[in-house]
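Listed after this line are the structures, all set down as C-alpha cells.
Presented sequentially are two complexes of chain A, the first with chain B as partner and the second with chain C.
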Partner chain A sequence: MNTEAIKDLLYKIADDQLILGHKNSEWTGFGPLLEEDIAFSSMAQDKVGQSWQFYKILNELGETDPDTLAFMRNAEQFHNCQLVELPNGEYDFSLIRHFLFDTAELIRFSMLSESSFEPIALLSKKIKGEVKYHTMHANIWIKQLGSATSESISRLQASLDYAIPFALGIFEPSKFEEELKQEGIFEGEAVLKATWLGQIEGIIDQTALKMPSLDQSHLGLGGRYGTHTDHLQPLLDEMSEVFKVDPTADW
Partner chain B sequence: MVINSVTNTKNISPEVIKEWLEEVKDPEIPVLSLNDLGVITGINIKETGKVIVGMTPTFAGCPAMDVMQKDVETVLQKNGIEDFEVILSFKTQWNSNMISERGRKALKKFGLAPPPKHNLIVDIELIEHAKCPLCDGENTEMKTPFGPALCRSMHYCHDCLQAFEQFKPL
Partner chain C sequence: MSLKSLDPRVGRLHISEQEGNLETPKGVLDQFETYEAFVQVKEGKSLDHVGPVHAPNEEMAFLFAKEQFTRRGSFCNALCIVKTENILMSEYSDNKISVYDAVVTNPTGIITEEFEIFHLFKRGKQHRYIGTVNALNFDDALANSKVFYPSEKPVYNVWVVNSKDILTSDDDDRDIWDTLKEKQYREAIDYKGQDLIKAYKEKIAQD
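Entry: the complex of A and B
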C-alpha cells in the first residue's frame, strides 16, 4: 500500500469535514428557523466527529494525535478545498454550499466504502448512512426554495453562480490519482466529479434555477495543495484559541 | 478466542458479562441498555483471563460513545475484572435494525418513536411517516430529519396534536 497516497487522501477528507463542520456550527443560535438551526448544528456535529475518525486513521498511520492535527497546523498545511472555508454569508449561500459539497461527499463515501484499504472502507460505509440525511435535507430545501418566490430563486441562483467554481475545487486532482486507482484505494476525482455533475443537474432541473457555466474552473483551485483564501487562517486561529491557551483543557 | 470457565477460577462467561452490562444505559436515552441498543458486538475471554468487549458506534460523531465505553469499563472493574479491554470498531457496523424488541418497547415508553425496520436502504419515504409514540396515530409529519441528538428526528402528530421525536433509522 502506498502510505503517502493514503495519507494525502485522508488529510483532504478530514480537513474538509473539520472546516465545514466548524462553519456549519456558526449557524448554532442564528438559523433562520429553529429547525434549520438544529439541522446545521447536527450536521456540524456529524462532520466534526467524522473528521476525528479520519484523523484517527492518520494517527494509526504514524501521524500525530487527532487534536494536534486539528488544532496545531497553519492554513498552508490544510488540504481542504476552498469551498468549505468561505464565510457562511447569508443562508442562501450556506444552503447552496451544503448542497454542492454534501452531494459530492455522499458519492465519495459510497466509492470509498469499496476501498481496498480496510480502515477507510469501514469508516466510509458507516458515514455514508449519516451523510444521506445531509443530502436529503439539502435536496428538500433546494427543490423548495429553488421553485418558490422570485426572491428565493434569484438569491439561490446568485449563490450558485458564485459557488460553482469553488465547488469544482473539491475535485482538484491529487498527485496520487493513478496510484490510488491502481491499488483499488479510490477510483479518483474525475469519476467522482462526473457522477456529482449528473446528480447536481438532476436536482437543479427540478427547480427554476439554471446550471451555471463550468468553464471558470481556474478559480477555487489550490486548496488540496495548501493554497487558501484569506478566510482560513482567522478561522483556524479562532478554532484553536482554547487549545493553544491550555492544551489539556477538557470540556 | 472464547474459552469456557475451566481455566477460570471466577467462573465468568460471556453470558455473565453480558448480564452485568444490562445496567449500562445509553446516557442520552437512560431506559435503553447497550445490549438492547445493539452496540455490544462481542464479549470474549482470553486464555489468560483477559476480557475483551467489542463495541460499535451508532453514529461516527456520537459524543455519548465515550461515556458508554467508560461505563462498560466501570462495570467490568466493579465486578472484579482487572485485565480487560473495551474496543470500539467499525468492523461490525451498527444499524437501527439491531435495536432489540425490548429496546423498541423501551423507546416507545420513553416517548421516542422506535426506528422502522428497513432493508438497509433508508430513503425519505421511510423517515417521513413515523408512528406517533404517544397515541399510535399514523397521521404524522416529519418536521426535520435532525433533532436534539444525532440519532433523532422531529415530527408532529396531527391526531393528538403533539410534537414527538423518532430514533432515526440508519
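Entry: the complex of A and C
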C-alpha cells in the first residue's frame, strides 16, 4: 500500500470535516429557529467527530495524535478545500455550502466504502448514514427556500454563484490520483466531481435557482496543498485557543 | 456602542446596543405550525409519541424531529410525522375511568377510510400506537376502536389519525440512524467532569 497517498487522502478528508464542523458549530445559539439550531449543531458535531476518526487512522499510520493534528498546525499545513474555511455569512451561504459540500461528501464516502484500504472502507461505511441525513437536510432546505419567496431565491442564488468556484476546489486533484486509482484505494476526484455535478443539478432543477457557470473553477483551488484564504489562520487561532493555553486541559 | 461579549462570534457581528430594540415584536400566533413525532426504537417495539416540532411543512418537520427526538437513542426503526391539526383528540378522563366509557355509539360498519389509533394510559406519559381501524369518519373510528381494541387498563385519552395524513420514514433510509458508536467530541455525556466537580465541591466545603 502506498502510505503517502493514503495519508494525503486522509488529511484532506479529516481537515475538511474539522474546519467545516467548526464553522457550522458557530451557528449554535444563532440558528433561524430552535429546531434548526439543534439540527445544524448536531451535524456540526458529527463532522468534528468524524474528523477525529480520520485523524485516528492517520495516527495509526504514524502521524501524531488527533488533538495535536487538529490544534497545532498552521494554515499552510492544512489540506482542507477553501470552501470550508469561508466565513459563515448569512444562513443562505451556510446552507448552500452545506448542500454543495455534503453532497460531495456522501458520494466520497460511498466510493470509499469500496476502498481496498480497509480502515477507510470500514469507517466510510459506518458514517455514510450520518452524512446521508446531512444531505437530506440540505436538499430539503434548498428545495424549500429555492422555490419560496423572491428574497429567499435571490439570496440562495447569490450564495450559490459565489460558492460554486470554491465548491469546485473540493475536487482539486491529488498528487496521487493515479496511485490511489491503481491500488483501488479511491476512484479519484474526477469521478467524484462528475457524479456530484449530476446530483447538484438534479436538486437545483427542482427549484427556481439557476446552475451557475463553472468557468471560474481555478478560483477555489490550492487548499489541498496549503494555499488558503486569509480566513483560515484566524479560525485556527480561535479554535485552538484553549489547547494552546493548556494542552493537558481536560474536563 | 457595539455590543460587548466574551463570545467571539458576537463580537464579530458588531451589533449596536440599540439594534435589538428595533425589531417589531411578533404577533401572538406568528410561528410555524406544529407536527407530532412518533418513534419506534426497534422493530417489534411500540410506536410512541415523542413530542412536537415547529416546521413550515411535513418534510421539514421530519428533518427536525429526527435530530430532536432520535439522536440520543441507539437506533430508530421508524419515525412518523403527523400535523397536529390532523389529529382528532378524544375527551380526557381520569380516576381509572376509561374515556371509552363515554363512547356510546356503535360502529356504523361503513368502511371508507383507514384510521390509526393511539392510546394514553397514564396522564403525563406519551400516547402509544394501538392499531388500525377501518371506518366512516373520525367518530366512527373511535367507536370501532372501542370494539376492536378493548383495554384492561383504563385509556385516558385517544388520538385518531387518518392513515393518509402520516409521513413515515422510508425503510431504505434507516441507515441515517446507524451512526458511529464513539461519542467523543459530540456528546456532552463524553465529557467526564464529575470527579472535578466533586473535588471542587470538597475544596469549597473545606474552605
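Here is the rule we use: the second predicted complex is superposed on the first by the 251 of 251 C-alpha atoms of A that agree within 3 Å, B and C clash if a C-alpha of one lies under 4 Å from a C-alpha of the other, contacts with A are read in each partner's own complex, and residues count from 1 in each chain.
What we mean here is this: a contact is a pair of C-beta atoms (placed from the backbone, for glycine too) under 8 Å apart; a residue touches a chain by one contact, two chains touch by 3 or more.
Treat the numbers as computed from the prediction; the structure is a model and nothing was measured.
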> In the superposed model on chain A, is it clash or fit for chain B and chain C?
Replying inline: clash
> Should A:Ala39 be classified as contacting the first partner (chain B), the second (chain C), both, or neither?
Replying inline: both
> Is A:His22 contacted by the first partner chain B, the second partner chain C, both or neither?
Replying inline: neither
> Where does A:Gln144 make contact in the superposed view: on chain B (first), on chain C (second), on both, or on neither?
Replying inline: second
> Between chain B (first) and chain C (second), which does A:Met136 come into contact with in this model arrangement: first, second, both, or neither?
Replying inline: both
> Thinking of the overlay built on chain A, is A:Lys193 touched by chain B (first), by chain C (second), by both, or by neither?
Replying inline: neither
> Touch check for A:Ile127: first (chain B), second (chain C), both, or neither?
Replying inline: both
> Is A:Glu238 touching the first partner chain B, the second partner chain C, both, or neither of them?
Replying inline: second
>> Once the two complexes are overlaid on A, one stretch of chain B runs into chain C. Is it 22-30, 76-84 or 148-156?
In response: 148-156
>> Does any part of chain A touch chain B in one structure and chain C in the other, and if so which residues?
In response: 35-36, 38-39, 42-43, 45-46, 48-50, 52-53, 126-127, 129-130, 132-133, 136-137, 140
>> Which stretch or stretches of chain B touch chain A in the complex?
In response: 57, 59-63, 89-91, 93, 95, 122, 124, 127, 143-148, 150, 154, 168, 170
>> Residue numbers of chain C touching chain A in their complex, please.
In response: 8-9, 32, 53-57, 59-60, 63-64, 66-68, 71, 173, 175-180, 182-187, 191, 193, 196
> Where on chain A is chain C touching in the complex?
Replying inline: 26, 30, 33-36, 38-39, 42-43, 45-46, 48-50, 52-53, 126-130, 132-133, 136-137, 140-141, 144, 238, 251
> What residues on chain A touch chain B, complex-wise?
Replying inline: 35-36, 38-39, 41-43, 45-50, 52-53, 122-123, 125-127, 129-130, 132-133, 136-137, 140
